[in-house]
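Two complexes come next, and they have one chain in common, chain A, joined by chain B in the first and chain C in the second.
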Partner chain A sequence: MSEQHTPPGTELDPKLLEILVCPVTKGPLNYDRERGELISEKAGLAYPVRDGIPIMLVDEARKIDD
Partner chain B sequence: MVPGMSQHTPNDPIRKPDAEPPDELSFGFRRVAAGQKAELVKQVFDRVAGRYDLMNDLMSAGIHRLWKRALIDRLDPRPGEALIDVAGGTGDIAFKALARARTRTDAGCHVTVCDINESMLQVGRNRAVDRTLVTGLDWVCGNAEALPFDNARFDAYTIAFGIRNVTHLDRALCEAYRVLKPGGRFLCLEFSSVVLPGLDRLYDLYSFNVIPRLGQWVTGDADSYQYLVESIRRFPGQRRFATMMEQAGFRQVSFRNMTGGVVALHCGWRI
Partner chain C sequence: MTKDVGRSKHSDGGKGVPGPFDRAVLRQRRLRAAPRFTDHDFLFREIATRLDERLSEITRSFNRVLVIGNQGGIAADLAARRYGQAEVVRTDLDRGLLRCGAGRAVVADDEALPFADGAFDLAISLLGLHWVNDLPGTLIQLRRALRPDGLLLAAFLGGETLRELRQAFLEAETAVEGGVSPRVSPFVDVRTAGSLLQRAGFALPMVDVDSLTVTYENAFALMRDLRGMGETNALIDRRRSLSRRDTVFAMAEVYAARHAGADGRIPATFDVLYLTAWSPHESQPRPLAPGSARTSLGDVLGKKTDD
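Moving on to the complex of A and B:
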């Protein structure tokens, strides 16, 4: 699988962002445009957006170190 | 009954078991650890993604198009509705739903395609670009058992030939219920148990002898198609699946057999 992330600053459809939640906590996500990641603070996970597709799988998420 | 044909007995290896130990699940006829199934299924679809829809045409002699049309007829997508199609990575159902809604008005509906497999989603997304379908579609990689969507967001949930591949059916059904709005509908198209006497034996012969060879020939991968035919036999029959839907909370649960029960269309409502 390619590790190519969505180019920084790429917009995700705001309507999609409105309905997306963290699959683990079902809590809100913050979109980090610079890194192309969707952040679930509660779960401490960053879900990658690859090629414009949010990858909402725990196995693919980056653990966020505090 | 056709002479020489008999119904499968409970000991027939082609029949599915009633219960599985919680830590072990079926991957086709193999027994695998619960945590392993998702990865094995992923490998299957990674291998066949590019030729998935072609194989469907060849294996079913195009009949899968009729099954899917019956799903779209029943779905009857309305302009402005929010639909979610799960395990529909290559976009087959999503494109048909969009086209159907647009026969009513230009506004169309909105389809969110959610698939656990990134390779399948890439095939679908590229196909959407080829068809210049840019509005009304979202592509999300997610697990049917842990959907990354807020509660009560969708008017309809569809899953066509996908629910068989999830690790825990009950969890996937509960998630479907959760993301549907009250009044939302659940539609599932899946291979089921053949109910026509005689057809069952013919279907077995075809499934176990022809399909893996066809898979080898078209995708260079017989194993994935061996898994396909085995997983079909493992999937609960029509009535048992209907009961599982009710247990997840769905009401007015019904099913309709097609092609003698080779496939069943299951429907239910979140009240």
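Moving on to the complex of A and C:
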């Protein structure tokens, strides 16, 4: 079976990390393991990972101040 | 309610494109329907079976499957059953909508997909695209997410879907309120869908429509079922004020008077559009570019006279 259980918490499945991009810029994402966030430098947004599920919505992303 | 309206501004990925559908409200409607979705998923299961039939006619197998719109995991489970070794990724607007289904879950919006180019070889959408504000934009994103020779398979409501309800509301509103407002969302027809696929850069696009008639005890039962499917908002335009009770009752009366059968039950039409299209690949048949011919017709004809 192809069914896989996503790991708990903010741990992100490496298979997902391979194929995810920023939904706004379609640019690459950096995975911040400690914060459990996927960072889009270009968009200035950090997408959270909750219960192992990446939340790829602009509405729910944290704006990165620089 | 006001909070939803505020959020909807960002539901297009921040581009500020206005559209008829409020994605934040869709999310809320689906979440509300989620706990009892299996009581109302008849249409989804029926159409999933027909999508599966289409897949059965395609001899090749698929390894990386994207399902946009989870719908109780019906399509993801179908893909996992048919392609046992495949890696399935399924999306929806909220974690609470992704509890069931095979494969890995990602919260994402059909209008702003977060997937790398060529990440999948099969993309499936089960009754979701009639909710998308920018259908050409979503189709382009799906085509990009597919590797060359990848397949898009989608079923969504279009054409004359819920024409009886539309007509009954129209008559009731004219009679009760002295004016009309759009209640049922505008739908894409077959020809438009075909040209959208082509414009999105898909090869070998195919669109066909399948009309399903579901009968209900009365218009209230139909409305209840639509709500249970999480589809009310897609199909019936939300108004700032609640529908007047007498309008809704008048609508139900008109519906029954116009459409009820001998057994008193009312029919509801669902026109399902099926899209099948491939991301371009050199192995696919296609017409040659004008002027690219290597042999002139004159040469061929000339040769013949020499014989």
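A few remarks follow.
Going forward, the second predicted complex is superposed on the first by the 55 of 66 C-alpha atoms of A that agree within 3 Å, B and C clash if a C-alpha of one lies under 4 Å from a C-alpha of the other, contacts with A are read in each partner's own complex, and residues count from 1 in each chain.
One rule holds for everything that comes next: a contact is a pair of C-beta atoms (placed from the backbone, for glycine too) under 8 Å apart; a residue touches a chain by one contact, two chains touch by 3 or more.
Worth saying up front: this structure is predicted, and the values here are computed from it rather than measured.
When the two complexes are overlaid on their common chain A, residue A:Ile64 makes contact with neither chain B nor chain C. Looking at the shared chain after the overlay, A:Pro23 reaches both chain B and chain C.
In the superposition on chain A, the residues of chain A contacting both chain B and chain C are 1, 13, 15-16, 18-24, 26, 47, 50-51, 53-58, 60. Put simply, chain B touches chain A in their complex at residues 110, 112, 116, 118, 121-122, 125, 138-143, 146-151, 153. By the touch criterion given at the top, residues 1, 13, 15-16, 18-24, 26, 47, 50-58, 60 of chain A touch chain B in their complex. Taken in their complex, chain A has these residues touching chain C: 1-4, 6, 13, 15-16, 18-24, 26, 47, 50-51, 53-60. Interface residues of chain C, counted against chain A in their complex, comprise 7, 10-11, 13-14, 24, 80, 83-89, 93, 95, 98, 102-109, 112-117, 119-120, 144.
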